[in-house]
Structures are given as structure tokens and as C-alpha cells.
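Structures incoming, each one as C-alpha cells.
Next come two complexes, and both contain chain A; in the first it sits with chain B, in the second with chain C.
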Partner chain A sequence: MEEVLFFIAAIGALGGAIGVIAMRNPFYSVLALIVHLFSLAALFLLLTSAFVAAAQVVVYAGAVMVLYVFVVAYVGGGGESAWEPIPGQRFLAPLLGIALFIELAVAVLSSSLLALGEDGPHVQAGFGDPAAIGRLLLEKFLLPFEASSILLLLAAVGAIVLASNRRQENA
Partner chain B sequence: MSIDWFIVLSALLFATGALGILLRRSPMVILLCLELMLNAGNLALVAFSRMVGNGQGQVFAVIVMVIAACEVVVGLGLIVAIFRRRIPLNVDDLRELRG
Partner chain C sequence: MLSIADTQLAEATWIMVVKSIVIFAVIFGVLPLLTVLERKLIGRFQHRYGPNRVGPYGLLQPLADVGKLVSKESFRPENATKTLFILGPLLPVLAGVLSLAIIPWGDVQDGVGLYGIDVPIGILYFFAVGSIAFYGLLLGGWSSGSKYSLLGAMRSAAQLISYEVSMGLALLGVVMMSGSLSLVSIVHSQGEIWFILPQFVGFLIFMLAGFAETNRTPFDMPEADAELVQGFMTEYGGMRFGSFLLVEYMEILVVSGIAAAMFLGGWMGPGPSFLDPIWMLAKMLGLVLLFIWVRATLPRLRYDQLMSLGWKVLLPLATLNVLVTAILVVVT
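Take a look at the complex of A and B:
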């Protein structure tokens, strides 16, 4: 049962990822990324991390993707130009991608981590639920938590400054 | 399900994202491919957290999600600013960072 769920979610994640890079229209790319994110949330649930899966669906597939859809609708899904500045980019790029995957796979499978081939240790019922993650975030990792909140504030202010309409002083 | 399946899937997703960054020219699709790579990293973090058996890797994954949200906000702000100045949204035309 677990294997079936894993392969369904893995096919969804991989298909979504390929859809993101294969679609000509950016709007369809965003929709493919939403499929990818939901499949990843299912994979997180298989790894018994309920809070990360919920945050994935709520934050990513909910909030961030809405932002993407708004910007795609504002900018408009223009087609890409056929001009190729680097000769043979269409052939070289897949070779480099495959080489990167082979390199990563070799690095993982030849590592000396013995626990990699096992199911992982047995964990008790509360593993990865919001209470456990919240306790870790607010006790052990309080400083990274606060730093990330300041970073979010800075990013929001920066986005307002970047996207605000200041045409008159530029002209 | 053993952990190495998840790690190999994460490597595959990361390579797919990198391939998209190499192939595509629209800045918006490149941002989407960056999301793919960050999510592949998140999958590896959560899988290693399950392998070790404590929740610290999951906290790391949540922080990575926050960083990804910041990157999206600033990147989309840049795209809107570029669009307002009537500059074509193509990374080959944007290689000189001048207004």
C-alpha cells in the first residue's frame, strides 16, 4: 500500500516538474507546479511529517501560487523568442541535466550512510505533528524563527518598493 | 518504503529544475524552476529527518519554505517592475543590469 502511494505521488511530482519546464504558456506551468506541490505534500505525509505537508499545501499551493497566477495574469503569457544565443543550447542543456542527476545519484548511493537503505527508525505517534514542530521552533530554533520573520518583513517591504509606480521620477 | 527512494526522487526533481533553468528564457518560468529545486531540497531534508528519527530536519524544511516565499515575492516584484518599463521579459535581453 505504501509503495503504491509512493509511486503515484512520485509520478505526480515528476510529471508536474516536467510540465513546468515543457509548457509554452507560463499559466500552464504554474498549474503544473500546483500538481507537483500537492504530490510532494503526499510524499511528506508518507514520511510522517504532517505539519510540513500541511504548510506545503496552505503556504505554497495556496498563497504563493495565487501570487504567481496574479502576476502571470498581469504580465500576460507571452511566447518565448526563437532566438538562440548559445549554439546548441537545446542539445547541451539536457546533457548537463542528465549529468547532474547521475552525479547526485552516485553521490547518494555510494555514501556510507547505512540507514539509507532502510525504512527509518520506528517513531511514536506524535512525530512531525504541529505540536512537535511548534515546540522545536519556539524552543530550540527560536533565533532562526525570528530571523526568518524579519526576512519575510524585509522581502515584503522590498517587493512594495520594487513594484510601486514611480514612473514620474524615472521619466 | 526505504529512504533512498525518496532521496533519488529528490535528486531527479532537482535535476529537472536545473534543466528548466538551462532551457527556458522567461524569468517567470525560471522562478518556477527555482521553486522546483527548492522543493527537491525540502524533500531530501524531510527524508533525512525521517531517517534520523527526529524533527529538526522538518524545522529546516519549514525555514526553507519561508526563504522560498521571500524569493518569490522579490522575484515577482522585479518581474512587475521590468514589465512596467516595457523591457521584454527575456533573460537574454536582461543580461545587462541597466535601466
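Take a look at the complex of A and C:
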């Protein structure tokens, strides 16, 4: 059962990710990204992290992607731009992509493949439930947690400042 | 065993299957009756009889309606995107049925929990599943290839994200008071007092956001028929249109169920424990009546009023409610 679900979710994640860059119509790209995010949530669920899976769906699929869909459906597909925004992008992008792939392949081949025959780590009861994650965030990782929340607050304030400046110019 | 299911209570697979079928059958038996109830009550509110021709008291009206919807042509506009147009009504039905699973109908009796599943993430599951429903509506609106559908879908997109935040914050107060996300534990912690009293503000915000999330008057902006025909449903006909309607009633039931479990003490009530599911259903129906009553009473809001109510009134109020509750929970 878990193996079947894993392969369904893995195919969904990979297919969605490929779909994002392969689709011509930006609306379909966004839909493919949504499929990808839902598949990732299913993978988190298989890793006994129900909370992370729910957060993934609520935050990314539920809120962030809604904004993407909103923008794409309103603005519509403008088609591909005729010129390259960054000179040489057409040649640099595949090279950098291949480099990243080789790096990830080395990392995966050297560590994860060795663990294939083993049982995997032992998961204790309560792992990944909201209480455990809350305790980790507010005790062990308090400083990074607070730092990232300040960063988010700054971003929110910045967005409001930028938007209100533009409104004054228009008025 | 998948980690989403409750690990403290292991049930045989056949019990889970039977439970799913029973919940499904009961809800789908109640849904058509709700449509009659709503039409009859709206009729009374407006000084007319409402449906009373088909069957005794018009009770067989939904059967006739479904017969009509099924026999209609499944029309699809020429410039609609075929696959997405078909997918549109499917996703909300899926989400509605999925979210029925966490509504608690009773405690564990004879080793069988009278609920679909008791997930540790509890109420987060409701929000996660709810976001699937939203995509169905948006896909339906976009793929119809009609400006009314697109505008209706876009309006509902903006409306849903605006009100989802307040809805989540409104429930956070209850979660903090009971110290658990699981709906079953939340009902258990209401033994002394129902959370509607200490969390009355939360209840009001949740119900208001619930009206908005289910696209009901006074927030039925996405399908404002005077300006948008039928919003995202404009191009749908036959049973595809029927399933959008069905989902609306299912969502009303789900929101009522969540509200009953979180604020009204869930299955608790006088009498022996086999009455628990009846109490739960009665509380849910009470809230459904509230939905119908509000629809008959209030006019539709203007779109900018809806947005400013969501962001400038409900959201600050919900945040304040969470802050005050947090301080009180820590102090006591």
C-alpha cells in the first residue's frame, strides 16, 4: 500500500515539475505546479509528517498558488517574449541545470542508495504531530524561527509601503 | 497504517469501510431533504407555499429535480477547455466528501469510533481539503471560456482567501482552550462548558466566514445573479450544474458540523450514549436553519463592502480574540 502510494506521489511530483517548464500556456504551468505541490504533500504524509503535509497544502496549494492562478488567469498568457531578458540565457540555463543535476545525483548516489536495503530510521510515537513540531520551533529552534518571522514581517511592511507609494503617484 | 489516521485506536479495515459507507449514505440521504427544507422555508419567509406538488408535502421534489438534471444534455461551450471543464465539478464533490470524514458523530463505543477518522492534525485537515474544493470552482470558471464564469471564479478566489484567514484565526481560540487540534478531543474538553460561551466572538467570526466560504447570502458574490448570471456555474448544465449545487449544501453541512463540534459541544446531550449521533445531527440542522434564515433575511453585500468587512473588521477582531484567549489561557 505505502509503496504504491509512494510511486503515485513520486510520479505526480516529477510529472508536475516537468509540466511546469514544458507547458506553453502559463495557466497549465500553474496547474502542473499545483499537482506537484499536492504530490509533495502526499510524500510528506508517507514520511509520517501529517502536520507538514497539511501546512504544505494549506499554505502553498491553498494560498500561494491561488495568487498565481489569479494573476495568470487575469493577465493571461502573453506568449513567450521574443528577446532574452538575460543575454546568453539560452545557453547558460541548460549548462547550470545539468551542473545542478550532477551535483544532486552525486549526493543521492553516495548517501541514499546505501540505505536502500535497510529498514530506515525508527520513528517514535508522536513524531511529526503538531505538538512535537511546536515544541521544536519554540524551544530548540527558537532563534531561527523568530528571525524568519521578523523577515516575513519586514516583507509584509515592505509590500504595503511599495503599494501605498504607487497609489500616491497615481492620485 | 498510514500516519494520517489516528494511531491510538486501531480499527479493522472492514469497520472503516462500513463507517465510510454509513456516513456517506446518511449525508446523501439528508442532502436532498435539505434542498426541500430550504425551498419550503424560503417560501414561508416570502409568504408563499414553496414546493408542495410532488409527493406528500413536496418531499419528493428533489427526486424530480435530480431526474430532470440527469436527463438534460451535458452541454459544453465550443471554446471551453474540455478536460478542465469536466474536472471542475468533480473536485469540489471530492473535497466535500473528504471533509465529511472528520466530523465526529460520537465517542468511541465498543471499540468503534463514531467518526470517519480522528486525525492528529484535526482542523488543519478541514482547511487542507477545503483548498481542493476551491480549485474545482476556479477551474470550472476559467475553462468555461465565458467572461461571466471567469469573473465569478476570480471573485470567489479573492473572497475565499480573504475569509479563510479569519476562519482559521477564529478556530484558533478554541484550539488553544482545549489544547488539541483533534475534533474528538475538542468535543471531550467541552464537558463543563460549551465553547460558544467563552469563544462567542470566535463563533460569530467563524459563522460569518462560513457564509462566505460556502458562497451563501449575504456573501454569494461569486454567483451574484443580477450582475454575473450564475458566476462560475453559468456555462454548466445537467448533472454537472447539479453537482455544484450539491456541493453547496454539502459544504453547509460540513461547516455546520465543524461549528457544532467546536462550539456547541458536538455529540454531547442528555440521554443514553446511542443518542449521540442524533444530538450531533440535531445541532448541525440547527445551524443549517441559521444559514437558511440568514439567506431569507439579508440582502447581498456589495463587493467592496465584502472585502473591507473581511480585512478591516473580521481579521483584526479574530486576531484580537486569539491574543486575548492566549493571555487568558496562560494566566489561568
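The rule is short, and it goes like this: the second predicted complex is superposed on the first by the 128 of 171 C-alpha atoms of A that agree within 3 Å, B and C clash if a C-alpha of one lies under 4 Å from a C-alpha of the other, contacts with A are read in each partner's own complex, and residues count from 1 in each chain.
Note that a residue touches a chain if its C-beta (ideal position, glycine included) is under 8 Å from a C-beta of that chain, and two chains touch if they have at least 3 such contacts.
Keep in mind that what you see is a predicted model, and the values were worked out from it rather than measured.
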| item | value |
| --- | --- |
| Contacts of A:Y74 with chain B and chain C, given as first, second, both or neither | both |
| Which of chain B and chain C A:I34 touches, first, second, both or neither | second |
| Chain touching more of chain A, residue-wise (chain B, chain C) | B |
| Contacts of A:G128 with chain B and chain C, given as first, second, both or neither | both |
| Chain B versus chain C as contact partner of A:I98, first or second or both or neither | first |
| Which of chain B and chain C A:A42 touches, first, second, both or neither | neither |
| Touched partner set for A:A55, first chain B, second chain C, both or neither | both |
| Contacts on chain A seen with chain B and repeated with chain C across the two complexes | 2, 46, 48-49, 51, 55, 63, 67, 74, 128 |
| Contacting residues of chain A [partner chain C, same complex] | 1-2, 5, 27, 31, 34, 41, 45-46, 48-51, 53-55, 57-58, 61-63, 66-67, 69-70, 73-74, 125, 128-130 |
| Chain A-facing residues of chain C, complex | 2-4, 7, 84, 119-121, 124-125, 127-128, 130-131, 134-135, 138-139, 142, 150, 153-154, 157-158, 160-161, 164, 181 |
| For the chain B and chain A complex, residues of the former touching the latter | 1-9, 11-20, 22-26, 28-29, 32-33, 35-36, 39, 42-43, 46-47, 49-53, 55-56, 58-59, 61-63, 65-74, 76-81, 83-85, 88-90, 92, 99 |
| In the complex with chain B, residue positions of chain A that touch it | 2-3, 6, 10, 13-14, 17-18, 20-21, 26, 29-30, 33, 36-37, 40, 43-44, 46-49, 51-52, 55-56, 59-60, 63-64, 67-68, 71-72, 74-75, 78, 80-81, 83, 85, 89-90, 92-94, 96-98, 100-101, 104-105, 108-109, 113, 115-121, 123, 127-128, 132-133, 136-137, 140-141, 144-145, 148, 151-152, 154-156, 158-163, 165, 167, 170 |
